[in-house]
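Common to both upcoming complexes is chain A, partnered first by chain B, then by chain C.
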Partner chain A sequence: MIKIENLSVAFDGPEVVKNVSLELKDGEILGVVGESGSGKSVTALTLMGLVAESARVTSGKIYFDDTLLLEAGKPRDKALYRKFQGDRMSMVFQEPMTSLNPTQRVGKQVDEVLRLHTQLDAAERKKAVLNAFASVGLKEAETVYSSYAHQLSGGMRQRVMIAMAVILEPRLLVADEPTTALDVTVQNQIISLLQDINRKQHNAMLFITHDLNLARRICHRIAVMKDGCVVEQGETEQIFNQPAQEYTRRLIEAVPSRLKKRKSVQLSSEQEKDIVPVVQVRDLSVFYRDAGNSLFGRKRRHCVVKNVDFELYPGESLGLVGESGCGKTTLSKAILGINREIEGQVLHNTLRPQMIFQDPYSSLNPAKTVGWQLQEPLRARGAIDGSQEMTKADMEEAAYDMLRRVGMEEKYFHRRPSQLSGGQRQRVSIAQALITHPGFIVADEPVSALDVTIQAQIMELMRRLQQEMKLSYLFISHDINVVYHMCDRIMVMKDGRIIETGRTEEIFGAPREEYTRLLLAASQDRNKD
Partner chain B sequence: MRYLGKKLITLIMTLFLVSAAAFLAFQIIPGDVVTSILGTEATPEREEQLREELGLNYPPVVRYFHWIADVLRGDLGVSYRYSKNMNEMMPVTELIGDKLPVTLWLAALSLLLIMAVSIPLGVLWAKSKSRFADMLLGVSTQAAMAVPAFFLGILVTYFFGIVLKLFAPGGYVSYKKDFWGFLGYLLFPALSIAIPKIAMTARFLRNAMLTEMNADYVRTAYGKGCSRRRVMYGHVLRNAMIPVITFLGMIIAEIVAGSIVIEQVFGLPGIGRLLISSVSTRDLPVVEILILYITFVVIFVYFLIDILYRVIDPRISEK
Partner chain C sequence: MKLFAAGKKWNKYFVAGLIMTGLAVLLGVLGLFWTPYSTTAMSAAERFAAPSLRHWFGTDNFGRDIFSRVMQGMSTTILISAAVVLISGAAGVLLGALTGYFGGVLDEAVMRVTDAVNGFPSILLALVMISILGNGRQNLILSLGIVFVPSYVRIVRGEYLRLRDADYIKRARLMGVGRFRILFVHILPNILPVFGVSVMIGLNNAILAESGMSYLGIGVQAPDASLGNMLSDAQGYLQAAPWYALAPGLVIVWIVLGFSLFGEGIRRQME
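Presenting the complex of A and B:
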């Protein structure tokens, strides 16, 4: 029904999509899998007629049934596309917050699809929208109808986006990473919803994802993309069980899975008594103040983290898992003294704990070279201690040394962050955190922004450095599989409280709390073998 | 309602602060009222008598609170400088009563012109795909932004007044006699104030719209099958107006200041000349009241803009 023939797309530079051919039948879910920059999104946007105007289609054709939608060398027929968009083909995007107009009520935004493609009057349209909301599992459809995007939760927003996409029962539904921006438990609901819709409406679905487990769970067929080319295409199980290409195999292996072995530091309870913890947290509560609602009124204090107790031992990795908004980052900031609205105690037995951040794109200064940024903590230390024992040459030597340790060549010393890839940037962030030789590192979602193969490399690096430099990690993540690989012990956090703490094996083998079981089940679904 | 109350308190506090600052400034800058009224040749007895009459022998703080108390009772005081006749001092109310509306109407008309012209211009500019139009607008707005308002005033007088004879330069009708005629006379001065700001605002709106065009929700709108026109007017415009409203708020004070300058160029009987001469003759009661009025107007317009902001962007009221 959909036929993409030999499609190539280029922006200003070289082609980002090269000779891609895909076919889709009614009712079929085709997964397009690849890492960021592999051209999967550009392919989908070109199919949908939504790719930026600066894109040139250098070869190929796209057919919708017998209609020729797009042909290389000819300008996009916008009038023709408009008839299809929203009616016969529609798209669900990754980030539902920004994909909805922030200043228009969401009901009206869904209503617009009907206004554009049907002759229904206002009352009929409203009824249809409310029905669509109900069918995607939005309770209190009336309330949702008159809400703005910022008043809804992430999951609800994505349901609104899906309702908007499927209200006219399109033959083709393109979903571009529809769950990536959502919490684990919500992710599963959205995936089930998409599967339901596919079964009921029998639409062809192009499902774009970087998550192989997810693709395996819902797709009938899978196409693997790399550097703009489709390197492998076939039935889902065939791809997973007998990958023909080396790249596909690597991609499958890189996915953190619970079946792979992990070495862990084991301390007996005897040893624990003798060893001085790196960090002790005693009955810690963290607050944040409202930005002052009234002119004279007292600022209200909200308790974000409640009565947290734990210890971190030398050489240990302690995982902190929980969904976004549960207080993980707030807690870590309080431990590092960035947030001072606290009650309780934090005792450090190391000097200058450091932090590794999630987004290596925004956490490095784009205007300074890698070498300069690596030396910054050393200069700052001199300024704090008043000790000037390190000369400029010493600092430079230390920076070069650190660069080598994180597996980067010396030539990167003089580069700026914009000239580095995501993985390289995260290596620089790690080097920057380690250059003062701290004993304790807080890593806040350090691999979440990275592709799977890079994720595996960075985790490997962090483990190696932990042994070489005797580090203790507080490892924060929403991805319980990543934590499984990295950590000796795990703390599960919910609504500001630590609800369960235990050895990784205990938590995974015999979780005590219902919520932990839910988190595990949510990721297990995607990991079934 | 709570929001309104909060705003009101802020307004009152700002007025107090501004009046105190203006009062304080007069204590610090050199120059003596008595000398400036009587001249340097007056006898010490006469000087002393005048000081007594004007209540200048009290300490500054006391004088300030006396003055505030009078203003709150509705008594705006008398001018140090002007007198009604030989025996009577000129009340400030009478002195500025006719002049203030001229300046305020001039500022209001300028603001209206700015909004009425710059918004459609900015939208059309953002919509236009013609390179020529883009370049033309780019250059002309750049030029308009660079010209100072008073010089523009001279150009407008020459071109519209003397060459095209659309208005009589120097002419004026009182708003009490003929309101529309009065507005007609204000139109060209307002234009002189508005042109640079129109250029800025149109440019700003155009850039905001082009930035918004890259937003994710625009892609969603296209994905629904919206035409470019529909995307522009139905989705982008309102979001692009948010920074523009902020920008308009920032130039309000400039517009009021601009009207004081421009009414000099066009010979309008506004408060401009009075304000300047009152400052140089240390006519404190007049200056204080004028400053309070201007502050009040500026803050009030800020307030209106703030409400507009909330109407346009639903996210604001919940932060």
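Presenting the complex of A and C:
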């Protein structure tokens, strides 16, 4: 049994973990759920003895069975920890690419765990590693053994990481967002794998995630963290069905779920037929050229998007769904004219469609104030078309107006992006995209990098602005539940082709393609066991 | 990112660098208008006077006050170096921005030329240029300026290459912002921290190069004083008057150290 009592941790400044108490029994999966900055990772790293040296444990104790691992006020006993790490407790991280050494074959890296902790000879170790690979569902274990990390897919890398973590059958397995970097279908497989391991090895598992649906599927018990505190703790279904805390309720409600009623806003399909589409895409193929930057290198053309046809009507949200690498972003860039290696036609009926990007941290210019950035589209328009030129005062007024419309106070006008939170930055990005009233917006995973409560607010904002400003969205997402709430029609993309298009209700109710069914099942929010 | 964000502690590098360079620049600027003694007035009676209260750094083989000549030398050296950095920095920003952002044939051409320039020791190349253009301050500035362009081009080009695909730049393009506005209004402010540090390093290199050239007798000519030609003159009297060489030598070290600390201070302050 692992016991964390009253743990508080501080770096330079205030405590980031405050009086956290958790208990983990053998065979139990405890989910620690919270938004970024809630202290869930620091708690786990402290438990593992991996937290940065600058961290100070200001109160509390950690027990592993009867052994006192850590006590406030005493320095971390590294020798003691080393006896437990790897052997009795191990960890799976979020990003398998950076968790594996790129210069060593992955088999050797798993082998090292055995070499350090067991007396097995080389042949026995290799056999054990191959067995472990097979048990985490890696086919052709031999090939994987002698591969480098970059030769494996994200899912395979994460399986290798898991094999490495569980090969010694540790009593405690900490999984810190183990599936966040993976596609949904792969995510599902990894989750079942972790459940299998938990059943077979009967180890205690601390499962850290920001994704409540995921936590609900795998965890027996859940602890909800906010601002360093555990605000609520209990059996999974109880937390979901009767959350005692207001914050937990908000968190659960913010999750885009298909069980919640969808607000359908749009025109009927009969009406659509008479209206001129905002965008028409005809038999569009998009190519990618190898960046042969040398004078004499020959450039090869790869076809990334193949023969895409669709149109988007005024006021409509069209969802584009698919897993990473399927060509969603390439297609969107071709539609906006950023990528010109195309065949086929893109017909626009609006001026200067704009784009909202995923990463709120790189979509605003760090050197400029919010106000300056909001006015820049107006200045640019004035420079191109003299008749649209505005006075300084008008531009400023328009910028303030837009700032208010995206729900931000006027004081942010003179701030720089570094002084804003992720959600605020995304609001400014949206404001900047909309200030020229473009009519058509491509939103590329606009809420994927945000915490779930912020996600809900931004989706709400986008819906409201759509009504107010008669916008059409091409809404790209890997999260099919987000698309469900945002879109009227959905296109499913796979390997560069649109394999299925239909109204949201049709796609969710009766998907025609096997792949669509797979995607839907993978993001199902209730555990159907 | 901000240099003087509220509540940020001044780091020691920055403070030390600021004081050292500040003092040097102050003396140099003062030296343009006023020196304790005339820098050219000779006095047979006071040849090789050791440092004293009258002559802080002593006098040279013509009985001229070394402190006054060092002051003049500092102003000469700093002015020439500043001009060199101005020329090479401006050209570097322009070329680096164009090549980094647009790439293509222009990039290829400019980069190969900078490779060629980098292929020679910079002092040697400057020497060749001066021997073609002829002696004199302007030609010294011009040739050193040209020699130092490639180092700025590389740094600036790298930054533009990195930032040209940033999401906010893509969005600026979608808004219809003009190319040159993107280059110099949207991107340029973002590379200033990196560029600022390289300017500091460049100033140091220019000071050393100028001193070296003047030492070799190219560059600033007698009777004007520069730190380099003073060193060269002092060479013959190392035993008779060690202070003659020591004064300009230590001042060069002082200035270079000051700018190095200042540059490092700025870099740390940005973090």
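Here are a few things to note about the model shown:
Everything below uses one rule, namely that the second predicted complex is superposed on the first by the 508 of 529 C-alpha atoms of A that agree within 3 Å, B and C clash if a C-alpha of one lies under 4 Å from a C-alpha of the other, contacts with A are read in each partner's own complex, and residues count from 1 in each chain.
Keep this in mind: a contact is a pair of C-beta atoms (placed from the backbone, for glycine too) under 8 Å apart; a residue touches a chain by one contact, two chains touch by 3 or more.
Note that this is a predicted model, so its numbers are computed, not measured.
Of the two partner chains placed around the shared chain by superposition, chain C is the only one that A:376 touches, whereas chain B remains out of contact.
Shared-chain residue A:104: touches chain B; no touch with chain C. Shared-chain residue A:84: touches chain B; no touch with chain C. Of the two partner chains placed by the overlay, only chain B lies in contact with A:95; chain C stays clear of it. Judged by the touch definition given at the top, the superposed model places A:50 against chain B, while chain C stays out of reach.
When the shared chain is aligned, chain C comes close enough to touch A:364, but chain B does not. In the superposition on chain A, contact of A:116 is made with chain B only, not with chain C.
On chain A, the surface touched by chain B in one complex and the surface touched by chain C in the other have residues 295 in common. Residues 1, 103, 108, 166-168, 170-178, 181, 186, 189-190, 192 of chain C touch chain A in their complex.
Interface residues of chain A facing chain C in the complex, by the touch rule stated above, are 293, 295, 336, 338, 352-355, 357, 359, 362-368, 376-377, 379-381, 383-384, 416, 418, 429, 432-433, 436. Interface of chain B with chain A (complex): residues 2, 6, 9-10, 215-217, 219-227, 234-235, 238-239, 242, 312-315, 318-319.
Here chain A touches chain B in the complex through residues 45, 48-50, 78, 81-87, 90-91, 93, 95, 98-104, 109, 112-113, 116-117, 148, 150-151, 161, 164, 291, 294-295, going by the rule given at the top.
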